[in-house]
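Read through the structures below before going on.
Two complexes, one shared chain (subunit A), two partners (subunit B, subunit C).
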Partner chain A sequence: MAHHVIETENNYQARTTTGKITNFVDTRVGMSGIVREFGRKIFPDHWTFMFGEVAMYSLIILILSGTFLTLWFNPSMASVTYDGTYLPLKGVHMSAAYSSALDISFDVRGGLLLRQIHHWAALLFMTALTIHMLRVFFTGAFRRPRELNWVVGCCLWLLGIFAGFTGYSLPDDVLSGNGLRIVDGIMKAIPLVGTYLSMFFFGGEFPGTLLISRLYSIHIMVIPALLLLLMAIHLFMVVVHKHTQYPGPGRTEDNVVGFPVGPVYAAKAGGFFFIVFGIIAFLGATFTINAIWNYGPYDPSPVQAGTQPDWYVGFGDGALRLWPGSFPWSWKIDLFNHTFVLAVLLPFMLAGVLVLFMFTWPWIERWVTKDNRVHNILDRPRNAPFRTAAGAAGIVYYSVMMIAASSDLIATHFHVSLNDVAYVLRFLWFFGPIIAFIIVRRICLSLQRKDRELVLHGIETGNVVQLPHGEFIEVHKPLDEYHRYKLVSFESPEPLAAQPNAKGKITGAEKIRARISKWFFEDRVAPVSPAELEAAHHHGHGTEAVEAGPKPTGSLGGHSHN
Partner chain B sequence: MGNHRDSTEEVSSVAVTSLEASKEKFPDPGLPPHSPRLTDVDPKQNKKAERHVTLLFVISILGALLFWFAYFGIRVEGNFYDVTNPENNHLLRLQNLFLGLGIALSMFGIGIGIVHWARALMPDHEMVEMRHPVSSEESRAEAQDIMETIIDESGIKRRPLLRNTLIGSIILAPLTFVTLFRDLGPANPSLLKHTLWDQGVRLVRDPSGTPIKAADVTIGSAYHVLPENLQSLTHETGYVEEKAKAVVLLMRINPAELNISEDRKDWNVDGILAFSKVCTHVGCPIALYEQRTHHLLCPCHQSTFDAANECEVIFGPAAHPLPQLPIAVDEEGYLVAQSDFHEPVGPAYWERAKHVNEMAGEAN
Partner chain C sequence: MKALSQKRRHPLAAVVLLAIALILTGGLYAVATASNQAQAASSTTYTASDIEEGQKLFVSNCATCHGLNAEGTVDGPSLVGVGAAAVDFQVGTGRMPMQMQGTQAQVKPRQFNDEQTHQLAAYVASLGAGPTVPEDEHLDVTKGDAANGAKVFLANCAMCHNAAGAGGALTRGKWAPTLMGVSEKHIYEAMETGPQNMPVFNDANITPEEKRDVITYLKAQEVNESPGGFKLGSLGPVSEGLLIWTLGLGIVIAFTIWLTSRSA
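This part shows the complex of A and B:
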């Protein structure tokens, strides 16, 4: 038998070195498809698209710096006598965890820096992630086909909170220990299973000797794995959907306008990673964060005044502070030989309402508007007044809770009564969102009117001219068609009356939907239509004309200001 | 804005619509013409941008050198926060500062350099790519057919016995692993009922551990107090857990200012009162005592209790008073507990009402 020469498919002969390398890799693992898919993939460019990136880069920095910290941190609650170089605590009994956290701060070169970088990165991660979510919300980027990615994002937000909390609880100092004690109190408030949950969590009574190592495995393994998994899913979906883009000339629902990944976008985004790293390193170098050596090892008896959690946990702590436990009656209710700890449960349920709205908003909006179309063009927030107003209400609701977590610091810094701070915040908790909703909706409608004004009458140039018959007018410069298109290319949905279902019946739910739709859309400003613009142009000399243009004199006009 | 007269009626808060004209849209003018950058038209500017990027990369290199200088050049040895030798603290700060600035510069240099390169020198023509539907309807229909074939071939619909037993086993199998978590901790809520306090246990100062003579407690003073028997416990035998429940605040208030119910008349010693220090809200230690108003304030969530009035809640999120520890004086004049607390200390929990009833029974 003759040898069969296996014919390799080498018809393609690469000429350049790059080509040869590409050829080698592609014939082994088939990477050319990926390069073809991503190499020149178009990403729209806008500064508001940056926050998600910041969050992702912060997460990478968290993983790098966190890995460094694990090399020294000892997640044990065993009692040791401190013998490090921080003199004030020498000879003090403490947990091995706290002792090793001190060692990282004082006895590992650069350890303090890495600890601070890790903490600052966590704060930046949650900050960027939150702003990114607000951007997505206010521009309507969560609409079909991206609803599921919005949910993935919400899960990332929740996970981020848990990641942060489990992380800052690890050093086992007085501050973090009291945070855990609060968690114990919250767990115990859960009906039926709360006491068991607490005992399972702490391995017996608070604080026990197991908690730190349990939190450690959750913090360095379970949560990061989930975070990375969800982030991968999140990015995968971004690729599947392609990025959204802001409305503007040349941008349609069917295209993406922007820069190719290679080289421009990759350079900008890649360079931006280093900038984010630089910012975090700068913070770690110059701003002390979580100076655990000042707090001392955890002891159940002492606590400092002015304790606060990291900001992203603040809304929970603030909610706890805001609910009046004994007004107008005690919110600890004994019933059927059991205790309902409503003083703790209710504020958490109130905070939970916000989270529930957050997760379900894409479906709420879709239900009200019956809009099931694909949306790749974003809304300018003003062009969705109902959504922007609802978001503002949510922000106020959240912020009041977060601010309440600093109620004591507000009282001491501004020399006001602690009780008054609480009363004002309690009022704002419930009425602030309503006020915000009304005001922000009005602002949006006003901004839309301003846009109409610009389209119909052009930009005020500041040139005042006198007409031959003596009248003074200010010349208005009409918008160019590109600028104008940005201001007119939006939809302004009208209230959708209740629709009968397939059986011809109008259900109760449908009536509610119609009522909400009316509430959302009855005040609305429509985009300028070409006919309206035409009318504005020819609506008499000197009064409504817009076509002034560069020449202030001539046939024209401008628009009079009386 | 002046009083523009618009072609449409504008009435505040009423829909501004343009009736049938609204159906008509402006045509999309397409992408605006590209305007070249300075670096595109002026070779000098182009060269200048290149020099800037180079400079930024050099700054990055210098940043790395700064890092190594701080790491190897600054020697920090010996103790920190030593009042006799503050030099070390400064060195640590300096080292931390320069290590961080070194990393920051090396990162900023690369980052800003690359971004500047991209913005000034790489092409800035916006490009257009078409989107495609996430999935086509044919593909969906085909996938549905495949799924139905799979289900059909598996026979899961035609064999309900197989299906039901499979569902049963799939539900139960993971529960075996869930069960493994049972031993995470004891499921024994009654651990929360009792503390180390008992009849005759002396009140000692925290942290010195010295007993307290009733005569030494002047009106207006306050003490952090522990049970004397806590000292016999070690970390391994539950010192922290017991301390977390047994911490007590002791204060003396002029008996004339006290408002005490009949059944607690003999729980204080001439106005010396002992209350659990664990907040009944979510368990923080109550650390602040305002002597003039007899108010106890929890620094975590600002629950406020009135010590002169059996620690009733007067403000904040706590929903029930701090438990009072009945105290007396022993034959040597030291303060001792008459018994344990008569209710569980700390935050409320599901079984608390039951425990309160049981403890009332035990006390009688």
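This part shows the complex of A and C:
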């Protein structure tokens, strides 16, 4: 049993006013303990570590600007006649939601600026979040002990998409209504329950009269609450796990090299919030975003040219656009009195595959490598060629879908046929990831070989000298040891052959694992070993070297000099 | 009356009745459809010399594709009955004569001046009645109603030309061009004649007054300052997404690098 020692008496008397106040607080809630613990947390400093922070600040700005918008927005689909200052819509019948969104834009002081800040903050939130995820992925920061935090991050990404989409749908103009019509179609395509789902969601047949108020509750209450909760869990886990760091001299799996939170880092982070706010305010004040007044009130009959979702929803829209409707047959089947709309189901399943891989990648990698160790030191992307290549394939897969959502604009702006754009993107959807995987892996392996070359031979100086016996050589300058450390201190997993389980049997899954492991690692480039370095230095004293040392199986890492 | 009632069982009575019915319905139809066609050559008068000069221009510049008598060939449609408005639009915007065969005629610097365009229009109008060049009264945006124009535009035009008139893509390399910077007359003529892949919006479909309203709305869009700042081409979420990934993210990265450069 632990005993809590409660201080009943405190004889310390502060002299200054500030001292008295802090002492008062300290003796009530024990602030000094919190400051001592948290203020001394070390965070490594690197610009790529700051995108999560940007996303967090964008979320705060979203909540601030969104709160302002709730003061004026009327989430009602009741029909009203617009009587605001925007002339082209004067006297037009529309929903109260659209009318109030127009009022925010034209008749509320600072309303348009806040609306644009809110929307730009949403775009920056998703952009920063995506870049943050890519940084975490490509540096291997999701490995033990951070797998669960990776999953929390993926959930934040999904929630961000829903937050953005529900917000995009609120103004009730033609653009947002077109988006909701697609959602209606997607819901109805879900086998068996689709029609019920759609009817429950819209409160009857699309579009109904309930939708905007329902989306509003989700957009301003449910999703922000979940976002804040998951963000708190995310940050809590960062504190528990401590921050990862890039490899470097003095940085180990057991320490964190960086700066403490208090006082400089906290001040910097606080200042950075205002920088992000400034960037978003600049965008909001300078660039139109979602010109709702152009689209007119929602009416289910028209669909306008240039109807697109915000970029982070684009991959879903693009998947739908890419799937052929009637070639080589009509993509629907009728079974047991139910219609299965494959033209909607299949593209969404294909987009879902990416999301599935995203959530499960830490376990996939752990299964293949059987690496269950704690990793606090990050990988340089080139030193994990298989992961970097797989990530690049994922980016291409995602980007092709996202780009397909703007196929019509590509057609008009580059003077090509809309159909040809679709054909090219369909090809790239399936073959682009494979091509990207091969090319990026080759690039990583070449960069690793370049690193080996640098470590073994040093930097080419460009000075060619003639030796007394007439031979010409180029003088190479050896690397300093800090630079060299960065290039040699990495792990290069070797292919792991299938191993028998406790019963001495090699299972089918294990054989598959071994095959994937071979596929991932057979082309590995090994880091330079001390022996190799020694050999290189003895030969030619840093001017020219022959590679020695153990050659890894199937390695392309070595090349011989004559 | 007695004679009529006596003859009603005459063997030819049915034939006579049918003839009367046909004439009546045909006549009504002719009257009804006549209101759908813009009145032929009432506003702009063409002299015989206009037609003669126009024919000469036609033969030397257009006949290769449209035929010597504008009867059409495999390379170009017949122009009999397309009217002066079609000529004024196609030639006046530089689309005709076409630079090359393609999915759609491209806008380019016009090849004929106003007088020559007028003469060509006179010649084509002489071949058969068709839509005429609109009168100035229908192009006067001071008399139009922008709010009604917005309603008509969003219901009829925005699906191809985009809500802000920025243009959009059609299938197989065809496209709906931007409407910004297009003259009042040409917008009117396009609605009247349906050039390229555009459907015809005749006067029964969109009345001349509504056409004027649409023009008024588009011209208001042109001169209106964008309330939200730079319009980014009025292309919607795609250009916004592009901006956040380039300029937005670029500024953020610049600041992150600046902030972390002073640590060590």
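In this section, the second predicted complex is superposed on the first by the 511 of 562 C-alpha atoms of A that agree within 3 Å, B and C clash if a C-alpha of one lies under 4 Å from a C-alpha of the other, contacts with A are read in each partner's own complex, and residues count from 1 in each chain.
Heads up, the rule we're going with is that contacts are C-beta pairs under 8 Å (C-beta built on N, C-alpha and C of every residue); 3 or more make two chains touch, one makes a residue touch a chain.
Please read these numbers as outputs of a predicted model, since none were measured by experiment.
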Which of subunit B and subunit C A:Thr244 touches, first, second, both or neither: neither
Contacts of A:Ser399 with subunit B and subunit C, given as first, second, both or neither: neither
First (subunit B), second (subunit C), both or neither touched by A:Ser176: neither
Contact breadth on subunit A, by residue count: subunit C or subunit B: B
Partner chain in contact with A:Lys188 - subunit B first, subunit C second, else both or neither: first
Partner chain(s) touched by A:Gly208 [first = subunit B, second = subunit C, both, neither]: first
Touched partner set for A:Ser100, first subunit B, second subunit C, both or neither: neither
Which superposed partner A:Thr139 touches (first subunit B, second subunit C, both, neither): neither
Partner chain in contact with A:Gly314 - subunit B first, subunit C second, else both or neither: second
Subunit B versus subunit C as contact partner of A:Pro302, first or second or both or neither: both
Shared subunit A contacts, counted only where both subunit B and subunit C touch the same residue: 87-88, 90, 106, 112, 116, 259, 268, 272, 275-276, 279, 282, 285-286, 293, 299, 301-307, 407-408, 418-419
Sites on subunit A touched by subunit C in the complex: 45-48, 50-51, 54, 87-92, 105-106, 112, 116, 119-120, 123-124, 127-128, 131, 174-175, 259, 268, 272, 275-276, 279, 282-283, 285-291, 293-296, 299, 301-311, 314, 405-409, 411-412, 416-420
Subunit B residues touching subunit A - in the complex, by the definition given at the top: 1-8, 10, 13-18, 21-26, 28-32, 71, 76, 78-82, 92, 95-101, 103-108, 110-115, 117-119, 122-124, 126-131, 133-134, 181, 184-189, 191-192, 206, 224, 226, 235-236, 238, 240-241, 243-245, 247, 277, 280-285, 287-288, 299-303, 313-320, 346-354, 356-357
Complex contacts: residues of subunit C adjacent to subunit A: 103, 146-147, 149-151, 154-155, 158-164, 166-173, 175-176, 217, 220-221, 226-232, 234-238, 240-241, 243-245, 247-249, 251-253, 255-257, 259-260, 263-264
